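Going in written order, the chains are labelled A, B, C and D, and every chain counts its residues from 1.
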Amino acid sequence: MKSIVEQNTLALSGNEAVAYAAKQSDVDVVAAYPITPQTIIVERFSEYVANGEVETAFICTESEHSAMTACLTAALTGARTFTASASAGLALMHEMLFVTSGCRAPVVMAIANRALSAPLNIHGDQSDSMAQRDSGWIQLYVENAQEVYDTIIQAFRVAENHEVLLPAMVCLDGFILSHSLENVNVLPDDVVRKFVGIRQFPNVLTHEGKMAPLKLDPENPMTMGPVAFPNYYFEVKRQQEEAMKNALKIIPQVHDEYAKISGRSYGDGLLEPYSLEDAEVAIVCLGSTAGTVKTVVDELRDEGAKAGLLRIRTFRPLPVNGIRKALEDVKVVAVMDKCMSFGGYGGPVFHEIRHILYEAGKHPTVVNYVYGLGGRDTSPQQIRKIYKDMQKILREKRVKNPVQYLGLRE
Amino acid sequence: MESEWKFTAKDIAEKPDLFMSGHKACAGCAPATVLRLIMKATRGPTIVTTATGCMEVVSSLYPQTAWAVPWVHTAFENAAANASGIDAALKILKKKGRVKHEHVDVIALAGDGGTYDIGIQALSGAVERGHDFLFVLYDNEAYMNTGIQRSGGTPVGAATTTSPAGTVLPGKLEPKKPIADIMVAHEMPYVATASPYYWRDLITKVRKGLEVEGPAFLHVFAPCPRGWRSDPAKSIELSRLAVETCIFPLWEAVNGEYQLSPPSKVYALAPQKKKPVKEYLQMQGRFRHLFTPKFEKLLDEIQRITDLKWQKLLKKCGMA
Amino acid sequence: MKPKEKSWKEISIAAVCWKPSTETLTGDWKTYMPVRDLEKCTRCLLCVLFCPDGAIHWKPEKGDIEFDYNFCKGCGICANECPTKAIEMKLV
Amino acid sequence: MRLIIIIWEALFGELKAVENLFEVRWHGRGGQGAWTASELLARAAIYDGKHVQSFPEFGPERMGAPVTAFTRISTKPIRMHCSVYEPDAVAVLDATLLKTVPVTEGLNKKGVIVINSKESPADVRKMLKEDTGRVWVVPATEIAIKFLGTPMTSTAMLGALARVTGIVGLESIKKAVEERFKRSDIVDKNFAVIKETYEKVCSE
């Protein structure tokens, strides 16, 4: 797919790519708090502010709890808001994450995935964002610095779409992507500015009996964030779930519109199949490890093995039909989880994949590998081992141990 | 309750290091010296809790620890909350005869980020609840552990990585939050400020804080060569110059009554001895942009603010 | 040559640290080291108090101090604060 | 299982991705510029139209503590997101690391190792724990102090490595240095260092 605009190539780390995209997206308010490994995002953005390159109110709050609070209230006041966090910081926001999605505030947040304490660990795994998968936030996981740049820009359009109006998390693996310099082709400022546009507000019926734009505005007073008794709370939540369903439609639309301009696409925006058409054995995973898997899949294909990959780009809302269709003819699937679900049976992505395939007529044998916790590196040899295990299951038609730990000293 | 223990250099040097060698702090780290001196001022069984930050990370890099006393870290914003839990547990267990020590001192340690900003909520709560603990703020004036981002303790005009000196903005615009005065406003029994160069004054104040029944707050100035872009050998000298320029005056407030400490009383009695702030600022790269034509006027502004605050302090100490 | 790291079954519960920091000889971080001129030194012990790494020990039985180069990081605070300029920082 | 892998690699050469990929590992101490060198090499390779990756080994680095950084350069897009296990070249910014850090670990047999040292290549080879790859030495600290007045050896080692590996040209390095350091006086001094180590680096 050819790009229709002039783009130049920059050498940017994942963090810098996020900050660059945010700079071009005409953000009104950034309220953030430093936490490794996202700090370069807020540092770079503060330089844009100090050098007058953006028109953004930059609030260095005294905690993430207050960072999310400030972003929420700024969004409800009509501002386009952006922030970034990770691990313990995201956990500290937990209470406010539910409030933000509950208030339908389209805050966009970059998460540099990092392990949760204890013990303290500053390296990358997905335990932090997985722990927030039910918070009502859209969750997009990227494979490299180029994709995080493209996805931050798309996230504003998805979050602010009137049929969605939900906050969105764009997750990039801590250090592996956030601190790793890669080639990033960037669009011109005016093209991005035009793409994200100015925030529009749907009309809502206010207590004054009139329809008015959904925002805190003395012109049209309205009450936001009220207490809801049992007679109405359930309805509000079901309405919020409808927005998530709409996002399944809106994310591909925004993705395709962006692809026409940039020349870059990532599957249909929800899922990216790779060498999956006739694959007998396939890995399902999210984030940067998918790049290493693609490298190994190419080698296995050269050696005649029918190996493939399904990369999940949108984890919330979960593209159920897309996943069923993509894995229909695969014989054995290994789901990779960079997160432990303590006391559960395998990791969170494993739970989702297995149960949505439960009633699908034809479906593969599904096993699980928990891997990479606390930033432990995952090498091509370890990926090869997973495919070797799957081929053994295919031959022997039995699974000795469906949930395994990859790269752990047993 | 003036303690009879006179603190000679030999007494202090002879006491074992409860904050041990082998910690991973940078060369020339004044917070590390501050922690060593504080741990030399302990008077008996002591439990220490630390907020996330440099001194926590460098001293507890699993599986190693630099703490010779019982020590715990749980998160960033709750050092004072940790201390509250420990203090309450000690009291109830003692009541039930399950803790043999007659008394256990509890010390909570946090950096400026963990005290001025994210930790003030827990600190204010713990003080208001009257827990018996000493809260020590080691103040290196920015979030050094995560890479020198600005905090509420960062002084005016200082460049950090989130309040950089740009072509438009000259580093941090807002003044340093008067955290010690805020704690005095809590009407707590003991609040003091200290600096590692004046080691005897520092150790005396730690001892007074421990002997107080109830909460005590000690604000210790702790230069950081990495974050201040200063020569590692000059960290202690900077902590002296900060007092000599009255940028960081030493005082204590017993039950709200302010009193200048000897090292600062010199400049109240003989104002001509006060050194210009320029002498202190020029040694630090974080203020380098203030010595360029574009931002030079901010130097005089810093001198003006420093003199103004010094006069206000003298009034509070009844010496104006 | 690195000691075999414990597997998850052998480590203590709740990540309680099981080694003192003194096992790491931070001394090899330094490019400069303090050298003392015995005549000038008055044993005032300021260097002992100010050293961030506790790398200068007071030996009462010998009535003198001792530099511990296993832990000294070569920051130069002792040399800078010494009242009689008895300590000089030299390249390692 | 181990045996199978050894035989496999003996027959087909170690598991190196098929596209022409060149991997470098940099060793230094916190504050010496190991990551800066890794980044400059990557930025230069982009000017040569290559695909790159540059990343440090992430940890709470403190001034003086040992650190490592990595650069990948390839003719094809690099999709791997994992550490470098078998570098083609290793650069050591501080020879005191040879005592404690296994700098030649994983260095492939045809690889090269460039060490900042005044000693001869033969004497330096004695200090290496494993004797693999071809040893090059360059007095980077002296050269850095001569031109920059500080023992910052990132650009010095970049010049030596560029010469030894031929992986990137001096012209592209100059553009990368300009992009990174911006101020012309700093750029000129650093490029003088690069040209000096480019000549002075020598092997057995």
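As a working rule, a contact is a pair of C-beta atoms (placed from the backbone, for glycine too) under 8 Å apart; a residue touches a chain by one contact, two chains touch by 3 or more.
Keep in mind that what you see is a predicted model, and the values were worked out from it rather than measured.
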Chain pair bearing the highest count of C-beta contacts: B-C
Relative to chain D, chain with the most remote C-alpha centre: B
Cα-centroid distance, chain A relative to chain C, in whole angstrom: 47
Geometric centre distance via CA averages, chain B-chain A, whole Å: 40
Rounded Å distance, chain C centre to chain D centre (Cα mean): 32
Length of the line joining the C-alpha centres of chain A and chain D, rounded to whole Å: 34
Set of chain C residues in contact with two or more other chains: 15, 26, 29-30, 73
In chain D, residues with contacts to at least two other chains: 60, 63-65
Interface hub residues of chain A, defined as touching at least two other chains: 118-119
Chain C-facing residues of chain B, complex: 9-10, 12-14, 17, 19-30, 32-33, 36-37, 59-66, 196-197, 199, 225, 231-237
Residue numbers on chain C that touch chain A, as the complex places them: 5, 7-8, 14-15
Chain B residues within the chain D interface of the complex: 24-27, 57-58, 61, 145, 226, 232
Interfacial residue positions of chain A with respect to chain D in the complex: 9, 11, 37, 122-123, 143-144, 173, 175-177, 179-183, 288-289, 291-292, 294-295, 298-299, 302, 375, 377-381, 384
Chain B - residues contacting chain A, complex: 52, 57, 62, 73-77, 116-118, 120-121, 143, 146-147, 149-150, 152, 161-169
